[in-house]
Every structure is written in C-alpha cells, then in structure tokens.
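The following pair of complexes shares a single chain, chain A, combined with chain B in the former and chain C in the latter.
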Partner chain A sequence: MAPTRDRVRATASGPSAAPPRGRGLQRARRRAGLLMVAPAVLHALIWIGIPLVAAVVLSFTSYDVLTPPRFIGLENFRDLLSDNVFRRAVLNTSIYTFFTVPVAMGIALLIALMLNTRLAGRAIFRTAIFIPQVTATIAVALVWLWIYDPRSGLANAVLSFLGLDGPAWLSSTDWAMPAVIVVGIWQGIGLKMLIYLAALQSLPTDLYEAASVDGASKFRQFFSLTLPLLRPATFFVFVTSVIGAFQSFDQVYILTDGGPANSTTMMTYEIYKSAFREFRMGYACAQSLVLFALLLFLTLLNRRITGGDRATR
Partner chain B sequence: MPPVETSGRARTGRIVLYLTLTAISVVMIVPFVWMLLTSVKSPGDIAAVPPRLFPTKWAFGNYVDALHAAPFATYARNSFVIAASHTVLNVLIASMAGYALARLRFRGSSLIFLAFVGALMIPTYTKILPEFLIVRFMPLFGGNDITGQGGTGWLDTWWALIIPGAVSPFSVFLFRQFYLDLPVELEEAARLDGLGELGIYARIMTPLVKPAFITVALLTFEGSWNNFLWPLLVTKSDSLRVIQVGLSVFRTENDTQWAFLMAGTTLATVPMVVLFLIGQRYFVQGFATAGIK
Partner chain C sequence: MEYTRRSVLTALGLGAVAAATGCSASSGNSQATADGPVEGEISLLTPLFEGSTGKDLLEGKLLPAFKQKNPNVTVKVDYTTYAALNEKITTSLAGGLMPDVVMLGVGWIPPFAHKKVLAPLPDDLAKRYEYEDRVLEPSRYDGKLYALPMVLDTRIVTYRKDLFAEAGIKAPPKDWAELREMSKELARSDSSGKLSRVGFDPFSIDLRQCWETFLFANDGNLFDESGQQVKFNDDRGVEALQLFLDVIKDKSADYSFKSAAGQPTTLQQGRSAMMMSNNSLWVQLKKQNPELLKEDKVGAFILANKVPAMLQGGTMVARSASSKHAAAAQALVEFMGTPESILPTAEQRGSVPGVQDLRTSDYVKENGFVKLALDNMSKARSEGGTAAWMEIREKIKTTLETAVVGKRTAKEAIDELANLSKEAISRL
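Right after this comes the complex of A and B.
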C-alpha cells in the first residue's frame, strides 16, 4: 500500500517531472516540513531523548539528588544481580505478564470470535467488555480493593453464597498475586478483544468460501486461515500489551504496596521505591534499563515468531 | 454464519453464546455497580457482614459529605484543566508533525519518523526519573539559578503537570497514519492554486481527517485524566492535586470511609465512561487503526 503511494508521489513531484518552479517549491516544502515537525521533535528531545541518555549515564553513578552524582562504574548492575527483591520483582512481572498478555489474549480472541457473528445486541456486549479499559486504574483499583475486603467485600460474599470460604486475598502471600492479575485481565481484555474483532471483520470472506467449498471444517479454517491472517493483529496486541503489563504500577500501588512479603512487587514498583523512597537515583536508573532491555527482547522475539511487524510500516 | 438457521442444534448454540457473553459482560460491569451502590450506603450497611447488595437506606447525601471531607471538586477541576491542555497541545503539535512526516518528505524525515516509533518502545519508567530531575532542576524557575540549583524548579507547578505531556509520540504516529491515506492529487491541485504548505495542511488536508482529530483528542484526554504517577511525583500541595492522586491520598488518610471513597471514585470514572459512550466510534477507530495498519 505505502510503496505504491510513494511511487506516485515520486513521479508526480520528482525533479524530472517538476515544472519550472519546481525547485523553489521543493525548497518551500522542505522548509515547511522542518518547521512543522520542529515543535514535536524539540519536545521529544527534551522529554524523551535527554532522559534516555541521562538514564544510561546515571546508571553508572551513585546519586541521591541532593549531592552531585558520583561515578561508580558497574557497581549498580553488580548490586542488581544480588538483589533478591528485584529478582522477585522480575519474576512477579513475568508471572503477571504471562497471565495478562498471552492468556488474556487467548480469552480475548475467543470473545472476539463470539462477537464476530450475526448477533442482536452485539454493540452492548462490546461496550460492556470495553468500559473498564477507559476508566482510571487508580479508581478501579480502589473499587477492587473494596471488593477484595475479606469481611465486607463482594468477592468473599459471592464465594460464601457458593458455599466456599474466601481467602484474605490481598493480605495473603498466595492470593495477592492472583487478585492483582484478575484486575489486570479485567481491565485489559476489552482492548485486546476490540483489536481482534476489528481484524476479524476485515478478513477476506472469499477465502472462507473457497475453504468451505474445499470441505475444510470450521475448526480447520480457524487454524489454517484465521490464525495466520490475524498475525499482524496478534503482533500489535502482544507488543502493546507487553509494554503495558511491564509497566503496571497503579494497581499494585493501591492494592498491595508490593506486599505481602514482596509477593506482588513489580519491576516498576522497585524502580519507584529505589528512586523516591530511598533516593537511590543511579540504582533506580539501572533497574529501569533492565526493564527496557527485557521489553526490547520480548518485542524482537515476538517479531521473529509472528514473522512481521506491519504495525510500524 | 448463514442468516437463517432453524435447526435445534443451532438454536442451542445461540443460547449458549448469549449466556456466555451475558456472563462475561456482567463480570465486567459488576465492579461499577458495586461502586455506585457503595457510594450511597450508610456506615451501617457498609459494615454489614455478609454485605448486602442494596442499601437499606439510600444515602445520597454521601456525595455532598464527600465533597466536604476532601476537595474532590478541586481535584476534578485540576484533572480537567490538565487533560484539556494536553488535548489541545497534542492535537496541534502532533498533527503538524504527523502531517509533515506523512506528506512533506524532507531530508531526515524518515529518520525522524523511525525515532518517533522507537520512542514508543521506551518505557515510562526509564524516562520518568530523568524527567523528574529535569523538572526539579529547571533553570530560573522556582528559585533555581541559571544552573538549576537553589530552588525547586517546576516541582509543584502547573508547568510540570502540563509541559512534559504536551506531545506524545503515539499521537504523532496516529496522525501520520491518517494523513498517509489522503490522495496526492488534492495536495498537488492546491499547490498549483498557489496555496502555501501550511495552508494546504490547515485548509485542505486537515478537514479531511477530522475523525483522526477526534480520536487523538479523546485518547489524549482519557490518558491524561487517568494519569497517576507523574502528578503524584511532581505535586505536593493540595490545590494542585489531580483526582487520581487525591483519591489515593484520601484512602491512606481516611482508611475506612468507603462510601466517600466510592463517591470520589464515581466522580473519577463516570466522566470517562460518558466520554467513551459518546465517542465510542472514535475510540474504536483509534485503537483499530493503530492495530491494523
């Protein structure tokens, strides 16, 4: 799609086809382009470019904000290797990401498939499932905090109605993480479903007709046609969801404060604690670079597996 | 699926489908219902074990009392001012950048585009510490000297709340995608008519991508309204608190006042739900565009 358009533009406005005034026009265009992109580039340089470089530089220092940073080489990274809490945070983030990304993506695809049928009230279902996505994580986490209340909360009320004895949820080392994961899935599944649904609706129907004529079962059609055709959507959902899951913070801040006994602390939470509770800026920067590196690794890995990234074309 | 299928099996399948989807939808909506019901419960109903779903006495006065217990109205106003500023700035600056990157190829434009895409990958938590330091050491503000020492810079000011979020790479990316789809002939014709490049952007091309503007505006407003960590880090005084920070502070300071807390939470969530219901088409289009193109 894009290459064709570029070719059209090249022949329409390239030097050979340009009218006599072409050179001046081209210069005006270049100048306008630079001018229009300048504010955004300047903003990105100050608030993304410099911070990225600063994070790398500061990760080699010991810095408490009040006194100037002191170069300490790789000491922060060496400390990281023996930091059991941070290792726990990496593990927790991975567990959380596993359930709120691949597992939730599977559920979201199932819902999308159910909604991709002729169905009265489809828009109502879609809206209901998507609404948690647009509400603030802080606000909904406060609602869930109340739902998880062991005595007067809704969760244990429903369980006791079913004849089960509910756990102490957020103060239990076994149940706090599942509780946080449930909130993550609940809030994030709508977006995944929506993107899958949009992708499903743009699939070419003639392929399915051909497959039906050839006698391929619905089951076979799903695995041989639908799943491969959904690859770009899968890649996009995966990348954006992993970026989101790795950066979950608000729900942990409200629900558990990383506890009990670090059972729900995440990498983001450790970065926050190092930087703003212990004022170890250099160490926090080193932690944040580990987070970045893991994200890059997962994205590239998924790109290899799904075999293409049409999202950034 | 064929339009008319009357066999018994198909009908059972349909019933199962409806029941499953209804169950899922109920699970998604119940927390909001629970929030609304709690916000109008009396202290006695809230402490009830086991909890009852509906209040025995509807305490609508909770909302008035909550506004007295904490300045939720100020918090909401702050959130609104910041979200509106972010929306206007993002739409203006990012649409110009997106247009330039999509339509006005110049030396370095593809490199700049790649840099924006790359910037999408950088986690907030890698940027946020240096961003905090930049705000803290902003020269010549908040008592700071030219080297950024001596004062508190932009900390606890509107600058810190508004400027860093003024443009997001994602908005630039979305605008570029939308501008890419416009036919090149329009642009050429306007150019022949002697319209300048800025005029072509503002008067010819932009009216054609109105949905993109609504989409970016809605997504920016929603993201800004829901943002928590950045306002938490850079503000201290109660008068600058945003609603999300105000809620979390209220919770730690008044641990058990669930009715007030849920009233405040309602105030924080309902505007976004309403905004979504009104602009649903554009939200969906925004996410779908980003996802499929």
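Right after this comes the complex of A and C.
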C-alpha cells in the first residue's frame, strides 16, 4: 500500500512540492470535498432549505402578501381540521394516487418487458409511449378536453359506436375523477416504462442462463428473478410516482378546475387556490406542510415495506 | 468562526422570517401622492388587451396617444387574462414589483383598497364624464374613489325569437314563474328521452355570476353596506339557487349542457331557447352566426322577478400606492378612463362603455345588447362589497355547485357559503 499512498501524495501536492504531513493532506482533501459539494449544498439551501423553513414559519401566521405576517399560533392547522374541501382534496389525491400509480407502473412494466425483446420497430414504440411525458400538460389536457366532450368527443363517439350512452365526463361528479385518473395513467406510463426498460437491460444474463438450464419457465423466471432484481427500480419508480401523483395539478387545473362540486380537487390545487386566489399564504403553507408530512410518511413506509433500494440477488 | 448545527438552523429560521416579512415590507404601505413631474417608466398590468388584436390596439393606438400627451413617460405592459390576474398581483406584491397601474375587476377594489395596495384618486375625476351612479359604486371604498371604470360586462338573458314563435310564445318571461313554465314548453327531448334542447340554460355563464344575477332579481343582497354582514343567506338567496334545481328537475335545463370555450353557445347552436349571457355575445354572433342577427332571430331581456336586475361586472383602472412615479401612473389612469380610450377598448371586446357619454356613439347604436345594457344601467347591480371578497368569490361556485349536482339542498349550500363568508370576514 505504501507506494500507492506515496503516489497519491505526489499527485495531490504536485511533483515539485515537498510531501505534506498526513493532517495537512486530510485538510486539503476535506477542503476540496467541501468545494465540490458546495454548489449542490448552496442550491439545496437556497431553493429547498430556505423555502421549507419559510413555509414552516409562515404556517403559524396570517399572511396575505398585502400586509406583514401576523403570528396566530396553530390557528391555520385548526382551520385545516374543519376544512371540508381540504379533507375532500386529501381523499381525492389519495384516490388518484391509489389508482394512477400501481396501474401506470403495471402497464409501464408490461410495455418495458415487451420492448426489451427483439421487437421490430421498438424504437418507434418507445418514442410513442414516451411522448406524453414530454408533451406540455396544457396541450395534453386540451386534447383530452376534446376526447371527453359529451357531444363531439372521441370517448362518447366510441361508446356510441358500441351502442352505449356516454356520460358527461367532466361535468358529472361520478365520472370526473375517473376521467382525470385515466389522463394521469396515460401521461405517467412513458417515464416509468423508460426507467424499467433501463433496469431490465442492465439485469445480469448469467442468472437467466442458469435458470433456463435448471428448467425454469419464462413465467417462473419473471417472478423469481426479474421482479426481485427490479426492486431498486420499482422502489424508485414508486416513490417518484407517489410524489408526482400527490403533486399533480395541471390536469385538474385545465380539465375540471377541481369540480364539479370539488369532486376532482387535489391538495396542490387547494394550496394554489389558498395562496394565489384567496391570498391566504399562511394557510397555504399549513396545507403544504400536511402534504409534505404525508409524502414523507408514505416514502418511509414504502422503504420499510420494500426494503428500500436494496437489490436482492 | 465555528458553525454549530444549532447556529446554522437559527440563522436559517431568522433568514426565512426576514425573507417573509421582507416581502410584505416591499409591498408598500405608504400612500404615494400623485404630485411631482409626469415622467419615468411605469408598468401596466392589464387583463383587457390579451391576444394580438388587443395588443395592437393598446400598443399601436392607445399608448402612442398617451405618449404624445406625456412624452416623458414610458409604459411597460404586462398582459394577462382575468383567470391569471390574481396570481399576477399576488406574485407582484410578494416580489415587491406591484405594477404602477393595474386593471381590476368589479368587486376587487375594497379588498385591495382595504390593504392600502391602491392609491385613492382625486374625487373630481368622478365628475369628468357622465357616469351612472351604479357604475362608480364599485370604484369606491370607504368614501374614496380608487378606480375609474373602463368597460362593463353585464349579464342579460338572451333568447331565440324563432323558437319562441314556434312554441307560440309571444313575449319573454316577466318573472321566474313564467320563466319556468316557458322553459318547460321550449325544452325538447330526442327519441331516447335525452334532452336535445334546453328551455333555459342558466349554466352558460359562470355559476357564481348567474346566481348573483338571480339573487339581485329577487331583490336580495350579498352583504350589508359596511361589507361586514352576510345578507344572501335569507329566502331570496335560497330561492335564487332553488330555481336552478327546479329547472333541472323539470328537465328544462341541464348542468352538462355547456359549450367549450371558443365554441358557439348553446343558443347559437339551437340547443337552448333562452340562455344567460354576457353582452359580448353580440360580437360573437356577428362573427360566428351573422344570419341570426340579420334575420332577427335573437333577442335579449333583463332578468326580473321581484325586481328587474342585471349583474354588472367590468374592468376598472387604478393606481398602485407604491408607485415610484405616482404622477405618471395617475396620468395613465386618467387617460385610460377617457372616452377616447374606452370606446375602442369596448368595441374590441363587445363590452359596454363605462361612461354614459358614449351612448350616442355608432358602436352603441348598432350593438343591440350593449344598448340594452346601457339603457338599463339603473337596474345594474355589482358583486363584491366586502374587503374579504377575494376569498369569498372563490368559494361561491364550488359551494353552490354541490346543490346543482344534487349533493345538497339549496338551503344547505347557501348556509355553508354563508358560514365560509362569515369566517372570511372575521379574518379581516
């Protein structure tokens, strides 16, 4: 080991400088390390740390942007407990997440498995499936607005062709949420598929060869090898999808405006309304903290259940 | 200096609070005076001139005319829409960049004047031109004038004369009982029993504004004169909402009978015989269905029950209290409030001019809906009237909608709205 250490010392201090003492080298390394992480730390501090602390502080105030914040203790949180619309938003967000995340993950995995084979024109399929992810939600939502139009939309035209009477998708309290969920699933498949595909392509082939030699069927290989090996990817996809679903905003903003009768309102939409339409910044901060706490809880719970991003082999 | 975890956290917390309070401090609480030279670069936030036509009018005609009169003033325009105006103002205030001149909707003056965001204007500006008292009411707060009306938007009832004639109905309804009966007669269903034409479409405009129109026609009020007491939760408010439920129950109206933005309205398509409408429908008809106007197939009337009433909204122009170039900002406010600025703006949007002086203009004479609105301006009522309006206005549609979709009774929805409004007022 000694010659290697000497080489490192020589490299660190330059060829002409005298070899520094152990403590000096450590300090130099620490300084270099700090310098390297400084931009990331600064970025996190300015764009995440300060807003987070500000949100916590402001959640205990009555702040309308127009006048200075006034400390009101836990009043915002007490108001939250009796806010029927926010409760409805929490429920709607949970329902939306419950349906969009697993369904989109399942479809994405299925598509990734198909695209991982020697399928003709798979690059075209891959691009087509990823397009919704990179298309502006505004444009996507406008297309879906037309699809859901009760009189001239595609959805009811297809149903009518099948002899079924389609509903007024976005004006019905029963159908508005399923309609939004379908858009959420459709839009979320692309990125999940891409992550799964990348994970599938990096799986070790030796294990599959061994399994084939042992006579394991493709079905058995999928459940006993592929799924366990995909655990880190699944954990990542699940956590980011849950966070994404809890933060979904634009579909609702354009498709339904949270209606009818709050049947599609989401937590982020309520936060936006409180802050920018009702000028209740303090209350919006309290709502944001509830969202933050929920996401933290779900992430930790998922980590505990799935064992986090540790792969099994 | 040694940085401990505690010292870093304390510094972060103090920094965050400083940032938060710093935001509010920059919003400017001092009342800027309009004295001093009329010069400098000022900003204008407007929801009125969106789109290329609006931009051409503002930057190609109005602002050059202003510049000619005020050569030392430069105006930077920030375009927005009414949907995004709130966000624009909130973020401007939070960033300490409140525009010098801002165009606001009816009902918005009390909340912003209460918080001293707007500067009062000299009262003699209210006497420069011939204003209807009702039109100036929303421009005032606490006895002071804060804005000048530019264009007005009224909510009237439009109807298809050909469909009325077909049903043997000779005149528009005089009250809600007649309205309900006529709606039944005018509604049509297809062979499967599905509504193909509604007799009356109250949902063609925003539910909040529609209910307010009905409330006013039932001689009701939103708030008392002080803006501290809720007044809409009596029988008059409940009856106004109940009428929507009744016409749905009669199968002469349908909440899902909506036209997408930009599409012809249900009245234009012949899918409704009567429809709540904005006076700008005239311009839309001229563009999309000129034959309906040519053949005199569309008429309009003022909604009436206990009293005739129309909801009057509109756009007003006001000066920020924190403007560094107060005199220049006030000059722009005064300029935008002149008939020379108002007429082309109203023409562009199919709106009602905010000054009575323009009643004799060709534009008003040839636009039937605008003429009807101006002739009935004494029956106009406006929304707002409380400093908590910005919060309350957001609650109205979503709360009333629960009754319209059958989740609550009209009384339950109105009571809920009253509670939410009282809470909002108590927070002032």
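Some notes on this structure:
Throughout what follows, the second predicted complex is superposed on the first by the 261 of 313 C-alpha atoms of A that agree within 3 Å, B and C clash if a C-alpha of one lies under 4 Å from a C-alpha of the other, contacts with A are read in each partner's own complex, and residues count from 1 in each chain.
Methods note: a residue touches a chain if its C-beta (ideal position, glycine included) is under 8 Å from a C-beta of that chain, and two chains touch if they have at least 3 such contacts.
Because the structure is predicted, anything quoted here is derived from the model rather than measured.
Of the two partner chains placed by superposition, only chain C is touched by A:259; chain B is not. Touch criterion met: A:50 reaches chain B and chain C at once.
When chain B and chain C are set side by side, the one touching more residues of chain A is B.
In the overlay built on the shared chain, the residue A:276 is in contact with chain B and with chain C.
In the superposition on chain A, contact of A:181 is made with neither chain B nor chain C.
By the document's definition of touching, of the two partners only chain C reaches A:85; chain B does not. In the superposed model, A:173 lies in contact with chain C only, and not with chain B. Contacts of A:64 after superposition: chain C is touched, whereas chain B is not reached.
Residues 50-51, 54, 58, 65, 145-146, 275-276, 281 of chain A touch chain B in one complex and chain C in the other.
Remark: chain C residues 12-13, 15-17, 19-21, 23-25, 27, 29, 86-87, 90-91, 93-94, 111-112, 115-117, 192, 194, 255-256, 258, 260, 390-391, 394, 397-398, 401-402, 404-405, 407, 427 touch chain A in the complex. Contact residues on chain A toward chain C in their complex (touch as defined above): 45, 49-51, 53-54, 56-58, 61-69, 85, 145-146, 149-150, 165, 168, 171-173, 258-262, 265, 273, 275-281. For chain B in complex with chain A, the touching residues are 1, 3, 17-18, 20-22, 24-25, 27-32, 34-35, 38, 46-51, 93-94, 96-97, 99-101, 104-107, 109, 112, 115-117, 119, 121-134, 136, 164, 166-167, 169, 172, 180, 184, 188, 191, 196-198, 201, 222, 225-226, 228-229, 233, 243-244, 247-248, 251, 258, 261-262, 265, 268-269, 272-273, 275-277, 280, 283-284, 287-288, 290-293. For chain A in complex with chain B, the touching residues are 2, 5, 8-9, 12-13, 25, 28-30, 32-34, 36-37, 39-41, 43-44, 46-48, 50-52, 54-55, 58, 65, 111, 114-115, 117-119, 124-125, 127-132, 134-140, 142-147, 151-154, 156-157, 160, 186, 190-191, 194-195, 198-199, 202, 232-233, 236-237, 240, 243, 246-247, 249-250, 253-254, 267-268, 271-272, 275-276, 281, 284-285, 288-289, 291-292, 295-296, 299, 310-313.
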